[in-house]
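Take a look at the structures listed below.
Next, two complexes with chain A in common: one pairs it with chain B, the other with chain C.
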Partner chain A sequence: MEYFVYIGTLIAIYATLTISLNLLVGYTGLISIAQAAIYGVGAYVTALLALHVTNDLLVSFALASIAGILVSLIVALPSLRLKNEYFLIATMGFQAIIFSLFMNLDITGGASGLYGIPHPALFGYTIRTSFEMFLLAVTLAIICYLLALRITRAPFGRLLRAVREDQTAVAALGKSVFRIKFSIFIFSAVFAAAAGTIYTYSLTAIDPVAFGLDESVFIITLVIVGGTGSLNGSVLAAAVLILLPEAFKFIAIPDAIAPQLRQVLYGLLLVFFTRYRRQGLIGEYRDVLK
Partner chain B sequence: MSVLAQFAVNGIVAGSVYALIALGFALIFTASRVFHFAHGGVYTFSAFAGYTALVTLKLGIVAGFLAAIIVAALIGLIINILLYEPMKAGGVSPFVAMISSFGVLIIITHVTAMIWGSNPVVLSPGGQTTVYHFGSIYTTDAQLLIIGFAAVLAIALWIFFRHMRLGIAIRAMGNDSELAEVVGMPARRLRNISFIVGSGLVGISAMLIGLNVGIIDFNMGMDIILMATVAMIIGGLGNVGAAAGGGFVLGMIQNIAIWKIESKWQMALSFAILIVVLLFKPSGLFGEKRPATGL
Partner chain C sequence: MAAGEALLRLEALSKSFGGLQAVSDLSFEVRAGTITSLIGGNGAGKTTAFNLITGNLAPDAGHIYFRGARVDGLPPHKVARAGIARGFQELRLFNRLSARDNIEAAIPGQQGENIVRALIGGHALTEERDVTQARSSALLRDLTIEAHAESLAERLSYGQQKLLSLGRLLATEGELLLLDEPTSGLSPGMVEDFCARMRRLTDAGRTILLIEHNVEIVMRLSDWIIVMHQGGKIAEGKPDEVRGNVVVMHTYLGISS
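Let's look at the complex of A and B:
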C-alpha cells in the first residue's frame, strides 16, 4: 500500500512539473531545459527552511516560490533574448550552473544533499503519513491544472499561442512579446518550485542528482510524449511514464540493468515521439515541433 | 612561475581534447545544422568498442583504434540515415532533431552501461604512456599525440572548409539544403559522408583521451558533449576551425582559472562563459560577423 501511495505522489509531482513546463514549451514555444533546476531551487529552499527555520507548509510554499521566481528571473532575462536552439542552450547552461551550485555549495550539503527533514505543519497540524503527503501532492497538481486551464483559455492564453505561431505579428499588434514570455516563465517557475516543496517533504531527504540535466530532459520528454499544448496529455504522460518502468519490478529483469533499461525506454520514447508523433499522445498542435 | 606554466600545459591538453570533440561536432553541424548531442554517446560507445579490441581481445593498439573508428562511423551514419534524414525530408526543423538527439544520447549511454557495466574500466594500464620532463613541466606521449592530432585536424579542416570547393559546397549545403540540391549537389550523400568522417574522428579522439586518462566509463560522453557545445558556440557556429579555437580557449581558461578558483567550479565557469558569449558576441570569438540569434 505504502508503495502505491509513493508512486501516486511521484505521479502528482511530475504532473505538476509537466504542466508547468508545457505552458512554456507547448503554449508559448519556449523549449526550456532548466525546469529541473527551478524545481530543485524550490526543494532546497524548503529543505533549508525546514531544517533551520520553520516547517510551516504555507511559509515553505511561499518562500520556495519566491526563490523560484528570483532564479527564473536570472534565467529568463538573458535567455529570452535568444531564439530556438540558442534559447535551449542558454537554459541548459543555467541548468548546469544551478546544478553545480547544489553539488558544490556547503549549505546544500554537496553530493550527499540534505536529510532528516522534519514533517511539514499546516495550521499547526503536523502532516505525518505518506497518504496525507499524497493528498497534498494531488491537491497541488489539481490547482496547477485548473490555473493552467484558466490561463490557456483566457485571452492571455491566445496571446501565448500567438507568440508561439508568429512573434512578429504579436509585436506588430503593439504587444510586448518579451513581457508575455516573461510572465509565463514566472508562472511556470512558481509551480515548479512548489513541486519541489512537495518533493522535499515527501522524501525527507534530497540530493542534487534529482535536479540535474537528465531530469530536465525527462520533464521535456513528458511534455512531448503527452502532447505539446495538451494539459490532459501532460497528466497522462506523467502517469504512464512513471508507471511503465515500475512494471519492470514484476517481470524478471535483473536489478543491475533495470535502472539503465528505464533510461533507455525514456530515450526511445523521446526519439519515437519527436520522429513519428510530434503531437504526442493526445496533443492537438502538431506545429509546435516543426 | 613553473606552476603557471604547468597549468598552461594542462590547459593546452584540455583545450586540445575539447577541440577534438568539437571538430567532429562542428563538422556535422556545418553539414546538417543539427546539434548532434548524440555525438557524446558515439564517443562513449566507440571508446568501449576500442576497449574490447585492445584489452578484452588483446588485438593490439592498431586494432583498438580501428574498432573505435569503425564503430563510431557506423553509429553516426545510422543515426543520420534513420533519424535526421527522414526528419529533414519530412520538413521537420533541425531544432526538433536536436531534441531527438538528446534521446539518442540517453539511449547510447545507457546501452553502453548495460553491455559493459556501470563501473569504470581500465583502458591503459600503467606503463603504456611515457612521461616527458621539460624542466619542471611534465607531459606524456598520449598528451603530445592529442595536441598534435587536434592541431593538424583543425588546420586541415579549416583549409578544407575555407579554400576547397567541396568544403565550401558543404557549408553552402548547411545553409540551404534545397538550393544545394537544385544546383546538383548530392546533398544526402554529402551529409552521410560528414557523419562518417565526424563520427570517425570522435572514435580516434575517444581512444586518445581514454589512453591519456587511463580509465573510461559509460557516463563520460555527457560532460564532454556539453563542453563541445560550449566550445562550438564560444568559437563561432558553423565554422569548424572556430570550434576548435573555442575548445582551445575553453581548456586554457578552465586550467588557468584553477589558480584562483577551485576545480569543482569548472563546469559552472564554462557555462557562465557560454552565456556571456551568447549574449554579447553571439557570432563567437572567431566566427563570422553574422549574428546567429535574434529577438
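Let's look at the complex of A and C:
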C-alpha cells in the first residue's frame, strides 16, 4: 500500500512539473531545459529551511517559490533576446550551472545531498504519514491544473499562443512581449518550486541527481509525450511514464539493468513522438517543435 | 487630430547597416485623414523607413514625431499603443490561432490579458469577453470572413489572410495605419475591394501611409506621394505633380524623357 501511495505522490509531483513547463514550451513556444533546476531550487530551499529554520509548510512554499521565481527570471532574461534554438542552449547551460552548485556547495551537502529532513507542519499539525503527503501533492497538482486552465482560457492565454506564433507581430499590436514572458515564467516557477517543496518533504532526503539535466529532459519528454499545449495530456503523460517503468518491476527484468531500460524507454518514446506524433497523446498542435 | 494637420513627422532620419546607407536624411510629413504613399525601387529604403517609424529599428540620427510627441526611441509595442498600427508585407498572422483570436489578440486594453486579473477571474472578465467577441464579430463581418471565424489563420486563402491582417490592424484602433504592399498577390477584384476599403478608412478619419509597387493604384489612391531613391527623398507632391516630375519618371518609373 505504501508503495502505491509513493507512486501516486510521484505522479502528482510530475503532473505539476509538466503542466508548469508546458505553459512555457507548449503555449508560449519557450523551449526551456532548465525546469529541473527551478524544481531543485525549491527542493533545496525547503530542505535548508526545514533543517535550520522552520518546517512550516506555508513558509516553505512561500520561500521556495520566491527563490524559484528569482532563479527563473535569470533564465527568462535571455529569452527576450535570443531566438528559440539559442534560448534552448542557454537554458541547458543554466541547468548545468545550477546542478554544479547543488553538487559543489557546502550548504547543499555536495553529492550526498541533505537528509534527515523533519516532517512539515501545517497550522501546527505535523504531517507524518506518506498518505497525507500524497494528499498534499495531489492538492498542489489540482490547484496548478485549475489555475493553468484559467489563464490559458483567458485573453492572457491567447497572448501566450500569439507570442509562440510571432513575437514581432505581438509587439506591433501594442502588447508587451516582455511582460507576457515574465508573467508566465513567474507562474511556471512558483509551481515548479512548490513541487520541489513537496518532493523534499515526501522523501525527507534529497541529492543533486534528482535535479540534473536528465531530469529536465525527462520533464520535457513528458510535455512532448502528453502533447504540447495540452494540460490533460501533461497529467496523462506523467501518469503513464511514471507507471510504465514501475511495471518493469513486476516482470522478470533484473534490477541491475532496469534503470538503463527506463532511459532507453524514455529515449524511444521521445523519438517516436517527435517523429510520428507531434501532437502527443492528446495534444492539439503538431508543429510547435518544427 | 483635425484632417490636414501633420499626424506623423520625420525629421532628418538616417540609418545605415554597416557601410550601407539604408535611409539618409529623410524628412516628410503625413497629414491626418490622407493616404500618403511611399514609392521607390527595391532597396530605396521604404521598409527601413517603416521599421524606423515603428521602433523595430533605432535611427542613427533624426527624430520622429507622432501627434507632436517624439516616438523615436520607444519600443515597438509603445509605438503601437501610441496609435501607429503596422501591417507586414509577409502578413505575420498568428497561423495556429483562429481568425477570431487573431483579431481579438489585437484589441487594446483587455483586463484579461493581465495574468493576475486572469487568475482572479470574475464577472468583469465575462462582460469584457462579450464586448471583445462582439467587436471581433463586427470586424470579421465587415471583412467578409465571418464564416471562417473559427478556422485557423493558416487554413484561410491568401486573399482572406490579407483581409484578416488588415482586420488585425483595425482592431488595434490605431489612428495611423502603415500598410506594406497590401494589394500584392491579390486578384484584380480583390485589389479593387482593398482600394475601396482604404478610401473608406480615411473617410472615417484614419490616416494611411502606404508602400505600394503598383503605380496605377498609387496614382489613383494617394493624396500625397513621396518618392524615395537610395535611402533619400527625391521628390514629393500630389499624384499629378509626381507624374510630371522628370527625375521621378527617369529614376523610378524607368521612362526616359
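Worth a mention:
Convention: the second predicted complex is superposed on the first by the 288 of 290 C-alpha atoms of A that agree within 3 Å, B and C clash if a C-alpha of one lies under 4 Å from a C-alpha of the other, contacts with A are read in each partner's own complex, and residues count from 1 in each chain.
We adopt the following convention: contacts are C-beta pairs under 8 Å (C-beta built on N, C-alpha and C of every residue); 3 or more make two chains touch, one makes a residue touch a chain.
What you see is a predicted model, and the numbers here were worked out from it, not measured in a lab.
On the shared subunit chain A, the superposed partners chain B and chain C are arranged side by side without overlap. In the superposition on chain A, A:Thr139 makes contact with neither chain B nor chain C. When the two structures are aligned on the shared chain, A:Glu165 is found in touch with chain C, with no touch to chain B.
Contact comparison for chain A: of chain B and chain C, B touches the greater number of residues. Aligning the two complexes via chain A yields an angle of 80° at the C-alpha centre of chain A, spanning the centres of chain B and chain C, rounded to a multiple of 10. Look at A:Thr129: by the touch rule set out above, it reaches neither chain B nor chain C. By the touch criterion defined above, A:Glu85 reaches chain B but does not reach chain C. Of the two partner chains, chain B and chain C are each touched by A:Val177. In the superposed model, A:Leu270 makes contact with chain B only, not with chain C. Looking at the shared chain after the overlay, A:Ser112 reaches neither chain B nor chain C.
Chain B and chain C never share a C-alpha pair closer than 10 Å once the two structures are laid over each other. Chain A residues 177 lie at the interface with chain B in one structure and with chain C in the other. Chain C makes touch with chain A in their complex at residues 54, 56, 75-78, 80-81, 85-86, 88, 92-97, 101, 104-106, 108, 110, 112-115, 117-119, 121, 125, 128-129, 132, 168, 171-172, 174. Contacts from chain A toward chain B in the complex involve residues 31, 78, 81-86, 88-90, 92-94, 96-97, 100-101, 103-104, 167, 177, 213-214, 217, 220-221, 224, 256-257, 260-261, 263-264, 266-271, 274-275, 278, 289-290.
In the complex of the two chains, the chain A residues touching chain C come out as 147, 150-151, 154-159, 161-162, 165-166, 168-177, 183-184, 187, 285, 287.
Across the interface of their complex, chain A is touched by residues 35, 83, 86-87, 91-100, 102-107, 109-111, 113-114, 118, 222, 226, 229-230, 233, 264-265, 267-268, 271-272, 274-275, 278-279, 282, 292-295 of chain B.
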